[in-house]
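First chain A sits with chain B, and in the next complex the same chain sits with chain C.
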Partner chain A sequence: MDKVLELKDFNVTYKNKSKKVYAVKDINLVINKGDSLGIVGESGSGKSTLAMALLRLLPEKNTDINGSSNFANMDLVQASEKELKEIRWKELSVVFQKSMNALSPVHRIGEQIEDIYRVHKPNARKDEILDRIKALLKLVNLSDRVIKMYPHELSGGMLQRVAIAISLIHDPKLLIMDEATTALDVVTQGQILAEIVKMEQTLDVTRIMITHDISVVATTCNKIAVLYAGELMEVGYVKDILKDPKHPYTKGLLASIPSLSGEKETLTGIPGHLPDLSQKYEGCIFAPRCKFAMEQCEKSKPSEVQLSAENRVWCHLYSHLDRDEQLESREDLVEVNR
Partner chain B sequence: MEAKKSFVKINNISMWYPQKNKTLSQVFKKEQQWVKAVDNVSLELAKGEILGVIGESGCGKSTLGRALARLENPTQGDVFINDISTQNLIKEDQRKFRRTVQIVFQNPFDTFTPRDTIEKILMRPLKLHGIEKNDEERRKKCIDLLESGGLKPAEEIMKRYPHELSGGQLQRISILRSMLFNPQFIIADEPVSMLDVSVRAEIINMLLTLSRENDATVVFISHDIALTRYISDKIAVMYLGKVIEYGDCETIINRPQHPYTQALISNTASIDPDEEREIIKVEGEPPTPVNPGPGCYFAPRCFKATENCFKQYPETVEFESGHFVSCSEI
Partner chain C sequence: MKKYVTKRVLMGVLTIFVVFTINFLIIRLAPGSPISTIMGKDNDDPLLRAALEAKYGFDQPLILQYFIYLKNAFSGDLGLSIIYNKEVLSIISERLLPTLLLVLTAALLAVVIGTFMGMYAAKHEGSRVDVFFSGISYMFNSMPAFWLGLILIIIFSSVLGLLPSYGMINSRTSLTGVDYYLDVIRHMILPVSTLVLVEIPIYFRIAKSSIVQTLNEDFIVTLKATGMSERKIFNKYVLRNAILPTITIFGISMGYLITGVALIEIVFAWPGTGDLMLTAINQRDYPTLMGIYLIMSVSVALVMVVVDIIYATLDPRIRF
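And then the complex of A and B:
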């Protein structure tokens, strides 16, 4: 499968005079074409930092980005501002939680979309642009009337739809939605999520959803990455992980969400709180809050355990699995060699 | 309304705000337009019962909470606690009212004075209400209280300032503080929506145990339906200032009758990726609460609306025992 985005040892560090905050640590992640990846984590887990660093939107003065992120034959970490300008909107676009606030209050929606269209196609004809805008608005379930309206005439849900439409204007390869539906009401969120899933059937777009709401990922994504304190805990298919979570953190997270159907089960939270990210830790970052923490967990960082082709977990509980398998495969190799 | 004796009786409470930005014609006609944030809400709660209030943002659920706690005086209507009118109680003995009714707010970072330590914050209400004899005993009460809420070491926490504590800890203190006077009626206005999922469960469980210990009646305001189902005995669904459906928690979740409740529940995303749901599509957004009607407020968006719905606001009917719906199609 084609790789759209490949992160290798991706690190983001915020720094000021007195201290450094290690916000995102050693992320290794591959996103294939057509995937929809949900990145979940609590506040402060570094999910937005990851997205902003990918987009290179963080102030360079006080952030260090290390590692590589390969997107469309270029390394986003090393790319120059000019190169980035080339790919923004066209290949890579983003919708934020408050994207709707970015709309100018004194220009009509249509004019604003037109401006963005002309960024990459400066010589486009008026009617061509109008057709494109109409098609986009139809995609997000808005009527053509919106073109002639000002942002204050639209509700929050409609504005967020406009923002999503704008992000799709140049058929980007990768769309990042950073809490794009969080500020909206249940009904509006449900509508927009359904529209996103529907429109993906017709478009050729890979999507990253960043959210703290696992149910959003469950309804709209096929893969999930669980982030805690800037580190990946578990990556894999949504249907596997939400059914049978492997990492104690994912388990805890799922146990603390009440369900709408079935028996009422007692909710259990995860005791403790996020560690101070300005320090480096020797062991597993989740160990102080983990029910299953062993001696080993405080001493060494768990390495990646490949559970199946796409499912990976970073936890000592499963490291023996990997070792056994590795041993087996090694024995196989030895036999083959013989 | 119920066989069990009601403890808190909300009687036709309304909260109307005058509309300030009048159009020119309204100025000449001297018409006053009202934003009906809460409109004729009547509910009854038994002792120790937990009522969940759900609805979209702007439907008036927080305003209802504020009116119940008398942070704002309702335009009309009254609340009776144990057959005592709170309107009279607050005039006669405001402190007694505050001891009976307490409210927990959404944002734990805003509920505390940033300049005072937790000790000062917790001691002040005790002092004002003249509880315990001296500061020593009051301090002991505070320490016991914090420890009962799992905040250890309590003495250490008492010395801290609000910004030195996490959101979860602050919200715990906020809930514990509201429990200082063993209130009989607690209004929890989205107490956990600002917190992380992993912290949420513990705080909800704490709220549940504390209110059970005190046998307090709770109004739990939330937009999270699954959470409301977890905590409540009864659920009231609000739309544009009116309660449109009320009944037992499980009945409302499993067999909602009002089209709006049906849509709301069908749009709630589940964490089970296999669950097949039929999403009921609702067009548009809630209209403004400035003079809605004359028909059913939900009619313009309703998928079941008939001509009749646009003519008159539907009466509340008892669909089955203890399950009330305001819809003319039932």
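And then the complex of A and C:
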């Protein structure tokens, strides 16, 4: 399968004069063409930082990005501003958390979309652009009237749809949705998520969905990456992980969601808080909150355990799995990749 | 839009009317009267007083005086000055041009210079230039304008002898044509500089903070993510959003300038309305004073209406 994005030892550190905050640590992740990956985690787990760092939109003055992220034959971490401009929106686009403010309040929506279109096609004819905008608005179930309107004349759901339409304007290879439906009510969120899934049947786009809401991932993604305190806990197919979560943190996350069907259960949250990210920890970062924590967990960081071709977990509970077995499964993987 | 403009204009007229009424009452409530000024300090002849009061209509009840004045003002007659014994309208129109010249030049220079300084400082936030601009902006903002005027006179007129310290033209020469205008400009430099220096900090700070704030808006991040050039983002999207507070401040500040320029006019012996107003207050010259107040409130109301309309054309959220 074609790799669309490959993160290797990806680190993001916020820094100021007196301290450093290790917001994202040692992320290794591959996204294949056609995948839809949901990145989940609680607030402050580094989800948005990861997205903003990928897009290189963090202020360079106070952030360090290390490692590599290979996308479209270039390393986004090393890419120059000029190279980035080339691929921005054409190959890699984004829908932000607060779409209500994603457009300038004093310019007409049509004018703003036109300007964005012209970034990569400066000489486009006006009617060509208008056709494109109309087609996109139709895709997200909006009327043409929107073109002549100002953002304050639209509802939150409509603005979200506009933001999604704009993100698709140049048929990007990779679309990042950063909490794109979080600010909406559940009904609108449901509608838009259904539209996104339907849209993708006709588009050739790979999607990263950043959210704290596992149900969003369950309905719209095929893969999931669980992030805690800037580190990956578990990665794999949604169908496997939701049914049988391996990592205690994933278990905790799933146990804190009520289910509509089935027996009545007591909702259990995860006790404790996120650790202070300005310090480095020797052991597993989740150990202080983990009810299965062992002596080993405090001492050393768990390394990656390959459970199957696509499912990986970072937890000492599974490191007893025979090393040879792991190696074997890795060899399998290599073959699969070939 | 039409409805909005009509509404603003009506509001302006109402404001002028209210201001006019308050001024009419306040000046008459103050102790002293123009009759005493005309009669002189030692003269206390009741017959003369009664005759003068009848001549200027002060024997009528206050309410009647008010309506008579209102009626005349509407037909463009602001009455006779009690002290100068001349048409108030002609006295004021003589003095209005120099004041407007001073105020408009200063206001435009201040808004342009201040806003550009603010733009530069916002783009290079934390740089040495930013720190320097912010520093001097605090300094000039905390300076009383008349004092700054006096200091400028000491430096540039008394010590260096570069610029004239008073008046609008050099009365010892009779210049014509281009030379005349050059002479006026030379005389304008110090008073205009004083006003501009005091006004710049206001525009500097509002422009800087508004641009910094706009640069942190989510839509700017979105536009950056689209690969749009920084220059286009700044010139089209940041400026249009960030300029709105400057326009509001411009309106408020113009109102202040039109009325507050009096002190500067006195410091520089500028033949404007400010000087006329102070004399009128001291001599209780009711008609002249009311005339000046009327012209001032009309100018302020006019500026406010214009500013509101500009604002509404720039910000679609304002239109009703």
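Simple rule for what comes next: the second predicted complex is superposed on the first by the 322 of 338 C-alpha atoms of A that agree within 3 Å, B and C clash if a C-alpha of one lies under 4 Å from a C-alpha of the other, contacts with A are read in each partner's own complex, and residues count from 1 in each chain.
Just so we're on the same page, contacts are C-beta pairs under 8 Å (C-beta built on N, C-alpha and C of every residue); 3 or more make two chains touch, one makes a residue touch a chain.
Predicted, not measured: the structure shown is a model, and the values here were computed from it.
Superposition note: with chain A as the common reference, chain B and chain C can be accommodated side by side.
Once the two complexes are laid over each other on the shared chain, residue contacts for A:Q279 go to neither chain B nor chain C.
In the superposed model, A:V186 lies in contact with chain B only, and not with chain C.
Of the two partner chains placed around the shared chain by superposition, neither chain B nor chain C is touched by A:S80. Once chain A of one complex is fitted onto chain A of the other, the partner contacts of A:L254 are limited to chain B, with no touch recorded for chain C. Contacts of A:S143 after superposition: neither chain B nor chain C is touched.
In the superposed model, A:L242 lies in contact with chain B only, and not with chain C. The partner of chain A that touches more of its residues, comparing chain B with chain C, is B. In the superposed model, the angle subtended at the C-alpha centre of chain A by the C-alpha centres of chain B and chain C comes to 70 degrees, rounded to the nearest 10.
Once the two complexes are laid over each other on the shared chain, residue contacts for A:V216 go to chain B alone; chain C is not touched.
In the superposed model, A:S300 makes contact with neither chain B nor chain C. The minimum CA-CA separation between chain B and chain C in the overlaid arrangement is 8 Å, rounded to the whole angstrom.
The residues of chain A lying in touch with chain C in their complex are 55, 57, 84-90, 93-94, 96, 98, 101-108, 115-116, 119-120, 150, 152, 163, 166. Against chain A, the residues of chain C that register as touching in their complex are 217-219, 221-229, 232, 236-237, 240-241, 244, 314-317. Partner chain A is touched in their complex by these residues of chain B: 56-57, 166, 168, 196-205, 223, 225-227, 229-230, 253, 263-275, 279, 281-282, 285.
Taken together, the chain A residues at the contact with chain B in this complex read 42-43, 155-158, 185-191, 193-194, 212-216, 218-219, 238-239, 242-243, 252-261, 264, 266-271, 273.
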